[in-house]
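Two complexes, one shared chain (chain A), two partners (chain B, chain C).
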Partner chain A sequence: MSQAMKIAAGEWTHLLRTRLAVLTLGLLFALVAIAAINSSAQLRAEAAERLQYQQQADEAYRAQPDRHPHRMVHYGHYVFRTPAPLAVIDPGVDAFTGRSIFLEGHRRNTAAFSEARETSVLTRFGSVSPAFTLQVLVPLLMILIGFSSVARERERGILLQLLAQGTRGAALVQGKAIALAGVAALALLPLFLSALWLGPQTPTEALPLLALLAGHTVYLAFWVVLIVAVSALAGRARTALIVLIGIWAMLTVLVPRLATDVAATTLPAPNQAEVDIRLQEELRSVGDSHNINDPGFQSFQQQVLAQYGVASIDELPVNYRGLVSLQGEAESSAVMDRLTAEQHSLQRDQAGIVKLFALLSPYIAVRHLSMTSAGTDLRNHQQFLDAAEAHRFALIQGLNTLHAEELDYVDDSARSRDAEAEQRTRVSSEFWTTLQQFDFAGTGAAERVRSALPLLLALFAWLSASALLLRAGARKVQAL
Partner chain B sequence: MRSATTPALLVRNLHVTRGGKDVLNNLDFQLAAGEVFALLGGNGAGKSTTLLTCIGLLAPSRGEVRVLGRAPSEEPEAVRASLAYLSETATLYEHLSARENLRYFLDLAGKNAGNEALEAALDTVGLQPAARDQRTARFSKGMRQKVAIALAILRETPVLLLDEPTSGLDPVAVDEFNQLLITLRNRGVAVLMVTHDLYGACEVATSIGLLRDGRLVSSFVADTDAQGRHRPLDVEMVRHAFSARTSA
Partner chain C sequence: MNLLHCLGREAGLFIRTRSSVAALALLCVLASIAIGLGHAEVQRQEASIERVRALDVTERESALAGAPDFGDAAYAAYHLTWNPPSEMAFTAMGQRDIAPWMLRVRALALEGQIHETDSFNPELSLTGRFDYAFVMAFLLPLFAIVVMYDMVSAEREAGRIPLLVASAGNVRRLWWQRTAVRVLGLLLACLVPMWLGGLIIGTSAGALLTASAIVLVTVLVWTAVILVFSFRPWSSAVIATSLTGVWLTVALILPLGGKVLIDYLEPGIDGAQIALLQRETVNGAWDLPKEATMKPFFVTHPEWADTRPVTEPFHWKWYYAFQQRGDEVAAELSGAYRAAITRRDELTGWVALLSPPVAVQRALQRLAGTDVQASLAYEQRIRIFHEQLRRFYYPFLFNEEPYGLESLKDLPRFE
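Here is the complex of A and B:
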């Protein structure tokens, strides 16, 4: 056994015989294990719940009686997002964004019913994810376990004793790092077990799962090396503890906060009221599709008449009201799509600025790597919104097509004052049973891994930097 | 290469500078196997610096140090394998028992010692059997020193460096320690001891030196009897000479 391994074994004996260290180790393992079990149970329940709600919504839609298609446009429909398989490890932005969207005519609603809005602060703390635990809490507990690994030997005079009998400074710090790596491995164990459980169930997620494991392993390796390096460089254990807590607070709290502030200041986003006002202003130019005489549709009417070669809308072979609904929806959707695309682009650019701060904080690197690999990042959420919008547009235009093709224009115009005409403008409920299933796949596994790679490289850069610090620590130990 | 005449420890024209200040200035002495050299001096005289330089943890700015013919600055690992160092506090791992401490330190030094050898070493230093499996957290300094000396015995190092070994010990423990040192001396171990304890030094040392401002200002060598055994140095004579040197 090498000298470093002997020192690592000695350090583990010390940890196992020190009450505080055993308590912290137990706490660390329990925290990660509970987070993994809790997250898994929660996600399973949530997936089942969403599936149930989706089925209920689908059944409710299909069970509608014979109706005017435009009534169905306003009746609307719900779609629910099924959690990504790796959300069990990192729910990412899912906890803060909504998980369902109400689809209706003329409006592009955003997702609603997020976990963060539905739960209190206390229950939210109780449901911390494995990723959050590994990224924020585990480094803190590792600091408590490892801050004195080298410094206490210096303080007690054992360091001199060890060096005097030929123990090399490099072997000493390596041994301490190996021992602390064992602590990190203990914290990572539930994640690796989850991977073994998840892997066979979702073979397509194998690569992102590997990226996720690699990212967290390199991230905790960075902390291992940093903690031992600071312990070796600090004259006293207390100094090492203060410095390490300061670094932890800076990397996991201050820099991420600074990153979001810089992103928000550099690329300021309009607030919801401003977005709504702008949307209403632009939609006003489209016109009201409920009113076929709205000036906004005058030129459209001319086009339709010319297209069909008729002099008036009464002569059209299709229901002009339905055509206006189709056109109005297309135009208003184009406006909403454009504004949403702008908003999404701005959000992605802001996220890009935040990601640049991975050069100042490995926590930002691992956090984005984790969310990207798990398919729970902002981009995936935006893709969900876009997919839901595409589904909404197809659904509404399907109903508008029914309106145009299945309903008589005269009856449709008279239905508010003629009960018989109103009956004739109801289409068969059989049409509602053709409702398309909403399926959202999210970003592909290979694409997610490709996006995560630069972040993994950033983490390796952090690990290399801490290794240089450890080398300096070994030199200081050797020189006393 | 070590020959029969190679001193166990040779310090020649040694200069050590720390923080721009000369801590050791032209220090000269040498030790053969079975000799105990006690280096006395006040705080800041350079006693601990001498020990650290012998271990190779401080580099000479001039002059040389040789342990069994090897320079610590050039062959630190070989030199450290041949010496044992006992710090003033005789620190051990408090979460380990006496036996576990010995096994751990021996393992790190790459030495294997069987249980019999281990018990024999603990018998030699006089650590009570009941204490051997107890964690050392509650050991007195005297008990810790016994374990540390047992380690040196087990490592079979020909050179032993001691830093203020008797400070803080009660008179009985001092006596036990001195007897132990005489045992080691008689086994042929060369001992360099820095100390404030003039009485103890006179009892066990084969030579004594007074260090002041990094210089060896005075030294005495103990006489030997017809059998070649060292006689204890005369405390009063040494004290008188040192007082004269100190006030000079």
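Here is the complex of A and C:
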């Protein structure tokens, strides 16, 4: 057995003999396991619930009676977000985003009903997930287990004995690091087990899963090396502990919050109410598509008449009111899409600022790597919103096309006053059964992994930095 | 030797420990940053409300000017509601980055409007803000541990205990004095930034005193916890380890465990159900005889029962009656939804009994009017305003009065 392995074995024997260390180890393993179990149980329940709601909404839509197509435009449809498969490991922003969207004509709604609003302040303390435990709790527990690994030996004078017996400083710190890596492996075990369980169920997620595992492994390796390095560099065990807790608090608690505030302050986002008012002003220039005489549609009318080669709208072979609906929806959607794209890009820029802080905190690097790989980050949420919007636009324009092609212009114009004309403007309920299913697959696995890679590099950079510190520690031990 | 003199001597000794002073200075800097950022955020929110209120007035004017009748006017005119930051909001942002503090409503069914979320960046909400409540809940205890954990054990490890016993006479009093100096240092580091921030903004002394009392209790509770450990005959390292473990347990593990338990005890109602029910009722009305809407509407609004019945396929009074029916049908579910949120909040209060970080966040958020109750209260104000709004339009709609902008000058205002 090499010197380092002997030291590592000795450290483990010591840990298992120390009551506090055993207690901490037990706590650590229990936390990670409980988080994994709770998270998967909760997610499965939620996925089933979402699916049920989606089916309920689909059935309700398909079961609508004979109706005027524009009634269906206002009846609208609901889509629900089902959690990404890897949300079991990292739920990311899911608790802070709405889970359902109402799709209707004339409007692009935001996702409503977020978990954070419905639950209590406790949601703000972190998530009960393997990712949060591994990223925040486990490093602190590892500090409690490992801070004294070298410093203790120094305080008791054992270090000098070991050196006198020919142990090299490098072998000593390596041994201590190997022992602490064992603790990290114990913490990672539930993650690896759930990967083994998740992998075969969702083969497409294999690559992101690998990125997740790699990210967390490198991140915990950083902590292992850092803890032993500080323990070797500090004169006393308690100094090592205080310094390490300080570093931990700074990297996982302080810097992320500061990053948030820096992002929100340097790039202030407009309030939704403000965006909505701007939107309404712009839409006024589009015109009200319920009113075919709206000035906004004058040139459109000329264009349609010219296209069909007729003199007035009642000579058209199609229902002009439906054409106006189609045109109005297309124009207003273009405005809404532009304003939403602006908002989304601002939010991504804010997230980009936070991500820059990965240079100041490996926690930010691993958190973003984890969310990105799992498909539970801001980007993925925005893609969900965009997919829902595309679904909405197709649905509404389908209905508007019915409005234009299936309805008689004269009846349609008289329907508010004439009950018989109103009856004739109802189209068969069979049309509603052609509702397309809303499928949101999320960002592709390859793209997620690609955007996670720079963060993995950042984590390696952090690991290298701590390795340099460890070398300095080894030299200090050797120099005793 | 009088007490003041002794405290002065201990303070002098304390100031000469460079690491402790550095820790307190850092705490003070962090608290100041938090206050500064909180203040900037409050100003941004106030400016935003002011700007949008002005936009809201002109937007509504153009909406009303373009409407052909009262039904269309009520449909097109949005009204801004807002929940301004309180004088203490700079200390605790609380719900203000997840629950809307501005919402536009119109006279249509409210349940379809009131659950709208604002476009908060979820990645920023996920982390939460660097506010004063955060510093008090999470960082203050860590700093308290740093300045107090080895008060006794360091002396013992340096072999100075016999010397202290000989020179001080009453060692117990000496420990009290040392504790008092450290508590005072922590309080100064936390309270000075808050008072300065509060005085600059012009916060009332009463609110600042209440917040100070909350900080004082937090410091005292943590001091008590730390003393229990630091008087143990353990090594400094063991004491520090144990205290970090305690902090980890009450600051992170208990709150997260509490959340799991609360989710289990009070599963709550999925908001989507309210939206679905309201929408089915409102849209279903189009296919029902007018009577099916008007009859139940007249039960809750008997004052309009004698107006001309609706005979045509479409009439605005029928339209707004079924909007109101949608709200009435969803009212029970919607009430249960809010009740579940309140019960969850109450259960959180029990977690706060065991977890000082939860308690201090709740207390400061309550004081700042940024807690769950405050956001529900804002929702209630929106409900009352919406009620005024639709009742304002009813006479014009049911009496079928000719449209005129003059009649709209008394439109209810949200204040």
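Throughout what follows, the second predicted complex is superposed on the first by the 474 of 480 C-alpha atoms of A that agree within 3 Å, B and C clash if a C-alpha of one lies under 4 Å from a C-alpha of the other, contacts with A are read in each partner's own complex, and residues count from 1 in each chain.
Convention: contacts are C-beta pairs under 8 Å (C-beta built on N, C-alpha and C of every residue); 3 or more make two chains touch, one makes a residue touch a chain.
Everything numeric here is computed off the predicted structure, so don't read it as measured data.
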Taking the superposition as given, does A:137 touch the first partner, chain B, the second, chain C, both, or neither? second
Of the two partner chains, chain B (first) and chain C (second), which one does A:479 touch, if any: first, second, both, or neither? first
Of chain B and chain C, which one contacts the greater number of residues in chain A? C
Quick check on the superposed pair: does A:416 touch chain B, chain C, both, or neither? Answer first, second, both or neither. second
Let me test your reading of the model: by the given contact rule, A:295 touches which partner, first (chain B), second (chain C), both or neither? neither
Does the superposition put A:276 against chain B (first), chain C (second), both, or neither? second
Where does A:166 make contact in the superposed view: on chain B (first), on chain C (second), on both, or on neither? first
Applying the touch criterion given at the start, work out whether A:7 contacts chain B, chain C, both or neither, answering first, second, both or neither. first
Give me the intersection of chain A's contacts with chain B and its contacts with chain C, in residue numbers. none
For chain B, which residues count as touching chain A in their complex? 52, 55, 57, 76-77, 80-81, 83-85, 87-89, 91-93, 95-96, 104-105, 107-110, 155, 161
Using the touch definition from the top, list the residues of chain A that touch chain C in their complex. 20, 24, 31, 38, 42, 49, 53, 56-57, 60, 65, 67, 71, 74-76, 78, 80, 92-93, 95-100, 102, 109-114, 116-128, 136-137, 140-141, 143-144, 147-148, 152, 237-238, 241-242, 245-246, 249, 253-254, 256-261, 263-265, 268-278, 280-281, 284, 343, 347, 350-351, 354, 377-378, 381, 415-419, 422
Considering only the defined contacts, which chain C positions touch chain A in the complex? 30, 33, 37, 40-41, 44, 48, 51-52, 55-56, 59, 62-63, 66, 78, 80, 94-95, 98-100, 102-104, 112, 115-130, 134, 138-139, 142, 146, 150, 235-238, 240-242, 244-245, 248, 251-253, 255-260, 262-263, 268, 270-272, 275-276, 279-280, 283, 286-287, 312-314, 337, 340-341, 344-345, 347-348, 351, 357-358, 361-362, 365, 371-372, 375
Using the touch definition up top, name the residues of chain A that touch chain B in the complex. 3, 6-7, 10, 13-14, 17-18, 156-158, 160-168, 479-480
